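Two complexes come next, and they have one chain in common, chain A, joined by chain B in the first and chain C in the second.
Coming up: the complex of A and B.
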């Protein structure tokens, strides 16, 4: 038996002249939660529809459990989808919604009752089984939709931004609960979202989708700390991107000039003198100081004037205007800085990331 | 409540009372009047128009024919109109199709009646109840398609997708999800088609040949002045039975807590 629940091989999807998906290759291990993260219109939902069988790929192969699934209708696939709008059947009550798949499969009624009871307990909705769908809150509807899919024990559960309409607090709770549930059930989930914080909480691995292509994939730590490209870097939070030219290389340490700024860092990529590179520095890696005991012009040191202080509760982001690097963002836990103050910025060479384009 | 609102309320109820219920009330009233003229004051209370009516086999025959025709027209226009609504909404290749569907709707009934007559005569089908049903089906289909298509367009396509995702094939999905969700619109179009067909005079007149429906019977009786009070008695019976049916349907709906029948 293959260790992969899902294998997508060179999937393309065109709508007329519009390319929705381009050369998607993806392998998802059994028990893994993969988040597909991307802005709206990047093809996330199309990808889910192709896995679920609602759309046929223009080209490419879909294997579920090692079996070719092209041209297999949704009702014969071992997948189940939690829709963005949940699509709970409005004419059926909660029990009948959850029992729908089992009733279609003609399970004996006693077994249906037992299974519905079990899954309802798992999701804490035992009390709601007699209610009409319209009598449920958003969070309760969420749980019913999950129960309706989970009761069938699908090989792959597909979730299309299911937490979208919930308020922030409830969403955060549900994220943790879903993650725990997925780990306990040890089932394979493909989770689509445009919210990078959600992706951070939820995922084993994250695939970044942009304009129909997977442009980066890895654990959240991998792609946050070592993004392959500028898009990923910027999509996962605040970031400073600086254009530099390589001066010299010594082993895996390089130095580069970026206007008046000199940056030294470690690279995992072959560089040579004169190469134009993009360097990423996360705001939280930057140390802010009021005075400096090294010289300006030293490596990895910068000075500038604060033009904006953005208070975010647990931390503040400072926007600092530098002499020639434009606006630089630095993060501070205190809130002692104010606009027009001149500050010095410093970072370690370990925090200098060369972005591969 | 604001003054404008209460004025509107009173205005609407007065207009409805005067224009609709007052004439109906008069018909009910005069069906018990012991005179063949519709003039006040009353000559006296009588049930003789009712007994004359109930002795007339042509009346019962006409009611029976009207019911058969209305049932046939309803069944026919639904069995064509429902699939037509689906192809109209789901296939979206509809420009020409909508045009064809709308034509009978905007054509005067007189024209439909005459052209149906010419058509049946040309291809040699003898006029009968069947030809009436066929011509009623023609002009009811647009109505059925409009009502059901309106519901289908507003139906979230994810319900059907979710059903298939949960293991139901196309037929199971249609029976378990689509049909129950669009059922009220089917019921409403069936009801309206039935009533239209039951009431229809013009198209029926051209396509029925020697048979008699209720509107045709009323029209025929009108030509004998002495028969006019009998018509009021017949109308009264139809009104009362119709009202009772509406009453029971409405109370059933309220018990079930469903939306109003017209809220498709």
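Coming up: the complex of A and C.
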């Protein structure tokens, strides 16, 4: 038996002349939670629909459990989907919604009752089984939709931004609960979202989708700290991107000039003198100081005037106007800085990341 | 004080706005209805003789007399059978328009379906006489082809002609509510049902049909209620077909027993109201919109 629940091999999807998905290759191990993260219109939902069997790929192969699934209709696939709008049946009560799949499969009624009870307990909705769908809150409906899919013990559970309509607090609770549930069940989930914080909380791995292509994939730590490209870097949070020219290389340490600024960093790929590169520095890696004992012009040091202080509760983001590197963002836990103050910025060479365009 | 003043002004304003409707309904609906109710409790005799004493005899007669009982039953049978036939024709049309056409194509076709309604009701019925009649289109066609020697009278002046004409008349009233209801079922419900293991047939019976029930209920009322009072179609193409509407018209115009005719009318209105209530309860129409 293959260790992969899902294998997508060079999937293309065209709608007329519009390309929705391009050369998607993806392998998901059994028990893994993969988040597909991307802006709206990037093809996330199309990808889910192809896995679920609602859309046929224009080209490429879908393997579930090692079996070719192209042309297998949704009702014969071992997948189940939690829809963005949940798609609960309004004419059935909670019990009948959850039992739907088992009834189709002609389970004996006693077994259905037992299984519904079990899954309802798992999701803490055992009190709601007699209710109508319209009598439930958004969070409760979410749980019913989840129960309706989980009761079938699908090989792959597909979730299409299921937490979208919930308020922030409830969403954060559900994220943790879902993650725990997935780990306990040890089932394979493909989770689509446009919210990078959600992706960070939930995923084993994240695939970044942009205009129908997977442009980066890895654990959240990998792609947050070493994004392959500017899009990923910017999508996952605030960044400073600086364009530089390589001056010299010494082993895996390089120095580069970026206007008046000199940046020293470690690189994991081949660079040579004169290469134009983009360097990323996360705001939280920047140290802010009121005075400096090293010289301006030293490596990884910058000075500037604060033009904006954005208070975010637990931290503040400072927008700092530098002489020739544009606006630089730095993050501080205190809130002792004010506009027009001149500050010095410094960072370690370990925090300098070279990204590909 | 201030609040109550505001409230009474609001009440005044609402009253003024609804005054035209109230006047219109009073003159043309409530007064005739009350008059009919009054008549129904008076003693009546043929040739418009009315004795103004309170009596329940008209109601007793309507519900116990064999003729009215039979007419009532046959009218119901005709109405329900006709409705079922219309449903069989209208549902596939509505389903196709709602699910298989994109954009407003369905709506445009609905407009085409509505065009015959622009024509006068009686003229439409007379048109059918010319199609179904002894010297009508169908018979002349079959005789010209040499398939028959004598005109077929089987489907004219019969209950079949009534059903054909009603089907033609009532089809739009079934297609429109069904179209709207089927159209309003979210696409994702079909996908979810398929995802959970339903094939297309099972999706239809477990999702589409139950969720079409409000449309079916409304189509039923649109067809059943007018048919309970229908008299023109049976009179013009029905031959011996005799429906409640014909009976009431006869009592009003030919026999001239207004109290009995009124009692029959009021009974009919009450029965249709009860049927409406039961249908809405039974098919869970209200539940869907909770």
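The rule is simple: the second predicted complex is superposed on the first by the 357 of 357 C-alpha atoms of A that agree within 3 Å, B and C clash if a C-alpha of one lies under 4 Å from a C-alpha of the other, contacts with A are read in each partner's own complex, and residues count from 1 in each chain.
Basically, a contact is a pair of C-beta atoms (placed from the backbone, for glycine too) under 8 Å apart; a residue touches a chain by one contact, two chains touch by 3 or more.
Computed from a predicted model, the values in this text were never measured in an experiment.
> Judging by the criteria at the top, classify the pair chain B and chain C on chain A as clash or fit.
Once chain A is superposed (C-alpha atoms), there is a clash between chain B and chain C.
> Considering only the touch criterion stated at the top, classify A:134 as touching first (chain B), second (chain C), both, or neither.
second
> Contact-wise, after the overlay, does A:298 reach chain B, chain C, both or neither (first, second, both, neither)?
Neither partner.
> Of the partners chain B and chain C, which touch A:74 in the superposed model: first, second, both, neither?
both
> Between chain B (first) and chain C (second), which, if any, makes contact with A:152: first, second, both or neither?
A:152 contacts both chain B and chain C.
> Examine A:91 and indicate which partner it touches, taking first as chain B and second as chain C; both and neither are also allowed.
both
> In the superposed arrangement, which partner chain does A:56 touch: chain B (first), chain C (second), both, or neither?
Neither partner.
> Is there a shared patch on chain A that both chain B and chain C touch, and which residues make it up?
Residues 52, 54, 73-75, 79-81, 83, 85, 87-91, 100-101, 104-105, 148-149, 152 of chain A touch both chain B and chain C.
> Spell out the residues on chain A that touch chain B in their complex, using ranges where they run on.
My answer: residues 52, 54, 73-75, 79-81, 83, 85, 87-91, 100-101, 104-105, 148-149, 152.
> Which chain C residues qualify as touching chain A in the complex?
Those residues of chain C that touch chain A are 186, 188-189, 191-199, 202, 206-207, 210-211, 213, 284, 287-288, 290.
> Using the touch definition from the top, list the residues of chain B that touch chain A in their complex.
The touching residues are 156, 158-159, 161-169, 172, 176-177, 180-181.
> Would you mind writing out the residues of chain A in touch with chain C in their complex?
Checking each residue of chain A against chain C gives 52, 54, 73-75, 79-81, 83-85, 87-91, 100-101, 104-105, 132, 134, 148-149, 152.
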